[in-house]
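Would you mind keeping the following structure in view while I ask a few things?
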Amino acid sequence: MPVISITLLPGYGSATEQRLVQRVSRTARSVIAAPAAGTTVFVTHASTYQRGENAVSGGGPAVPDASELVRTFLGLMQARDLAGAARHLAADFVMHFPGSAPMQRLEQLLDWAKPRYRSIAKTYERFDECWGEDGTVVYCFGSLHGVWLDGSPFQGIRFIDRFHITGGLIVRQDVWNDLAEARPTPS
Amino acid sequence: MPVISITLLPGYGSATEQRLVQRVSRTARSVIAAPAAGTTVFVTHASTYQRGENAVSGGGPAVPDASELVRTFLGLMQARDLAGAARHLAADFVMHFPGSAPMQRLEQLLDWAKPRYRSIAKTYERFDECWGEDGTVVYCFGSLHGVWLDGSPFQGIRFIDRFHITGGLIVRQDVWNDLAEARPTPS
Amino acid sequence: MPVISITLLPGYGSATEQRLVQRVSRTARSVIAAPAAGTTVFVTHASTYQRGENAVSGGGPAVPDASELVRTFLGLMQARDLAGAARHLAADFVMHFPGSAPMQRLEQLLDWAKPRYRSIAKTYERFDECWGEDGTVVYCFGSLHGVWLDGSPFQGIRFIDRFHITGGLIVRQDVWNDLAEARPTPS
Amino acid sequence: MPVISITLLPGYGSATEQRLVQRVSRTARSVIAAPAAGTTVFVTHASTYQRGENAVSGGGPAVPDASELVRTFLGLMQARDLAGAARHLAADFVMHFPGSAPMQRLEQLLDWAKPRYRSIAKTYERFDECWGEDGTVVYCFGSLHGVWLDGSPFQGIRFIDRFHITGGLIVRQDVWNDLAEARPTPS
Amino acid sequence: MPVISITLLPGYGSATEQRLVQRVSRTARSVIAAPAAGTTVFVTHASTYQRGENAVSGGGPAVPDASELVRTFLGLMQARDLAGAARHLAADFVMHFPGSAPMQRLEQLLDWAKPRYRSIAKTYERFDECWGEDGTVVYCFGSLHGVWLDGSPFQGIRFIDRFHITGGLIVRQDVWNDLAEARPTPS
Amino acid sequence: MPVISITLLPGYGSATEQRLVQRVSRTARSVIAAPAAGTTVFVTHASTYQRGENAVSGGGPAVPDASELVRTFLGLMQARDLAGAARHLAADFVMHFPGSAPMQRLEQLLDWAKPRYRSIAKTYERFDECWGEDGTVVYCFGSLHGVWLDGSPFQGIRFIDRFHITGGLIVRQDVWNDLAEARPTPS
């Protein structure tokens, strides 16, 4: 065991339902030490459903995949398409970067980067997702490589990004990295 | 909807079952945009269960709460009870700290800290948990305060810790912080 | 709670299933003091079903809505379409009206009315349905208005009708009203 | 079919659960023309339940049987225990009797009866219950017997009572009968 | 898949429920080519159950294990405890043995054996059970060993017994064997 | 009770599902003494299913009906279509007949028959199926009729065949009959 039966109204695609059973299986095993092979999860469809005084005609929409959203945002940022990236931000978006006050606009990030490096790119080791009451948090971490202001290259510098997503938009980004540990001491 | 029915063998405590229904409710809502009030999760007990050729007499044990494990570990580290803290580490434990090679033993952490600060403590803003195929990842972040090597105090320095837990033991810790951004330039 | 799962063979229309979940929700709340929002009812479809020695190929038909049947009957009576109204009566139909022996035929009603009023019509306040082992009982009540035999008008005279319906036909009608209370004393 | 599974938190007595399965069986058969023998209803217990953000520790209480409440009230009225009967009335209770304005207090009923009969009692033919969104309605009907003001006896006079019950209290009583049809004409 | 949920009233022992889930798992796999590890069967308990017009207070009894019954009967026969063995026979019991008319009483078997062998015993290779609409059929087969009438021993002679069991009693026994193939030709 | 819910992935035909519910109903009644009319079995479809780490896209295939397979095989043998019959045999097929060593090939059967009878045919009384962990066993029994070597006819000679089927092929056939009991003594 456990055996988990999920009853949904029809209309969600197969990919959404597979995401659901996979996540619920993992979640159950975070509480009960059952092997994956002993954890059964399935979706069945209700044809009619009522909660409250009236029958409900359709379920809530599928939630966009938060990690995909973050990958899209990071790709747009990497391509310096700030306008495209900004379309994924909530109105009250805020970001925290090392050694800086909270920033609200992506353009501020360019000012933050200017005294730090000439160019930068990320290699991702892993994405983690946390499913919470107030939205989904996506973590990704890995290493940075790029070129310092003095033209010398760097690589293998650790970083981690945290994105808090609610209603399909990023409301907060937190970034930590070892750039300050690693940057060449101005001589 | 959704309506989620979880069938378990009896014997898990009420706290474990509540943890399970709460997590499964959140997880479902990470995929389907249902309100919490429209997401019904319940546990029923099977009296007899068979998968494979023989009836199963009992379910797997409850998994210890990963965030609690991390809080306990962090408390022991804060109290410099390295022996106590080490009891929560897997045999192949490894930790990554800013500006250092991977470390296997907690004692190495003292060497890492020595050239960086005289004392340090953490204020936690939030814990996040990610329930994955290969264990649970706990993130906690917040701010550091303490005393630099020159005796001057510091506070409000951002940090984040990542703990990967499998089988009730920490297999990996990753730490990022802004200490290098913030530390006084040796003059 | 409660969570109520109804398994049906497919083929009932959406309106029938909605009637079913709505009625079952109400019925459950007549026994358990759960709020409507905390009472979940849904229909799922069985693709194959067996009770007894053989698989069943189809479910019983939907039962016609008893209140609708009564409204139709009352409309036909109001329009003095006795033949049309009689098509909704069972072979052993009987009706009880104030101050009269039981009547079997709708025509007898005209004789009953003749010494009482010149014309009459009903305003309905509410319909109630009782779902019983031996069929459904429909009550409707409200007020009568019309013209007395002496040509003076009346209105606001209370009435109640009770209809017992089995197998889609009315087997019994009982009528009470305040006509006798209210009618002009012959001077 | 249908097969109806009702999941409840434990703690309701056996009588309450039997009332529930019996009523739900009847209700289902008011919509689907299934034989009683082909209508399966059962209660299973959830050990843990969550709707909304937190696990629920107990279900709503059992609703008192509305027909029993009405029988109790009618017995107290028959015994002229007006104080006892009044304990079953809601604060905004109102009753409608033939040939009278709406009354709020049981004492008013004595004034209503005074010019009508010396004594009265009821023989019940049947109780009907309607399970609605706004409470349960109980109907009972049968015949009245008693003594007219002139000392002559009467019997077999039809009556019907309607009681609307919400939250375990009677909020409205409506009474119809044939007393006016039947009473001796003052000579 | 399949996932099979069996709802029972409580009160059956654990052994009965294990017999049930094991048999149902096998039966499902006789129709669907699912691996045993992918076939999930579990029992949950209903606290209240209604089919027909009234709630049911208890389930039918557990059926005695038919193979056990046959083993017991065969043991008693082997020990020539005919009275004990006869207690497991239905009133209309009949048995068919090679080269004999149908027999109703176990004593007739002694007459059948007399011209055939001096003594005999069975070695069982396997028991098979068939679960049918009209009871359970138990087959057992293996080899016979014993002593011929002329005092010479025999062994390895194939046999098969078929027992039809209804209501906990054997209603029919059919026996086939190779005794006639193997017996010494009278010279 | 019992009420048995079988959840399958869609795609099995109606005949397969009916076979499944009928067999499961019988099997349940081999353990619980419930009447057929009180044993409810139904199939519902899962739209998505996961056991182990990944969602499963389709169920195992339907298992061919073992009794049908045996009837087909017996028909081909009766028609002496040995090649056709052999297509239903597993590579390690073995058969045991009275008075013979185990045989692997159907042709050996002709040699076995030659000294026994000139022709033979079967009348079947009944087929039984046993659903086991290692495949399905089919028994059929009845009577043989044919012509002895001396040209005289025979009939009413009891026989039983046992077929063990795994993976849609016959792995073993065992035959017992009373031919030796009945055959004319060579004079």
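By written order: A, B, C, D, E and F. Residues from 1 in each chain.
The rule is short, and it goes like this: a residue touches a chain if its C-beta (ideal position, glycine included) is under 8 Å from a C-beta of that chain, and two chains touch if they have at least 3 such contacts.
Since the model is a prediction, treat every value here as computed from it, not as a measurement.
Common neighbours of chain D and chain E, by the contact definition above: B, F. Fewest steps needed to get from chain B to chain F, stepping only to touching chains, is 2. Compared with chain B, the chain whose C-alpha mean position is the greatest distance off is C.
Looking at B-C alongside C-F, one finds more C-beta pairs in contact between the chains of C-F.
Placing every chain at the mean of its C-alpha atoms, the farthest one from chain F is found to be D.
Both copies, chain A and chain E, contribute mostly matching positions to the interface they share, with over half of the numbers common to the two. Per-chain CA centroids place chain B at a distance of 57 Å from chain E.
In this assembly, the C-alpha centroid of chain E lies 18 Å from the C-alpha centroid of chain F.
Centroid to centroid, with C-alpha atoms defining each point, chain D and chain F lie 62 Å apart.
In chain A, the residues that touch at least two other chains are 1, 3, 5, 7-8, 20, 36-38, 40, 42, 44-46, 49, 51, 53, 133. Arrangement of the chains shown, judged by which pairs touch: an irregular graph that fits none of the line, ring, star or complete shapes. Under the contact rule stated at the top, the pairs of chains that touch are A-B, A-C, A-E, A-F, B-C, B-D, B-E, C-D, C-F, D-E, D-F, E-F. Across the interface of their complex, chain E is touched by residues 1-9, 12, 16, 19-20, 23-24, 26-36, 38, 40, 46, 49, 51, 56, 59-63, 66, 96, 98-99, 128-133, 136-137, 139, 141, 158-160, 162, 174, 176-178, 180-182 of chain F.
Here chain A touches chain F in the complex through residues 5, 8, 10, 14, 17-18, 20-22, 25, 36-45, going by the rule given at the top. Residues 7, 44-55 of chain F are the ones touching chain A in the complex.
Residues of chain A that touch chain E in their complex: 1, 3, 5, 37, 40, 42.
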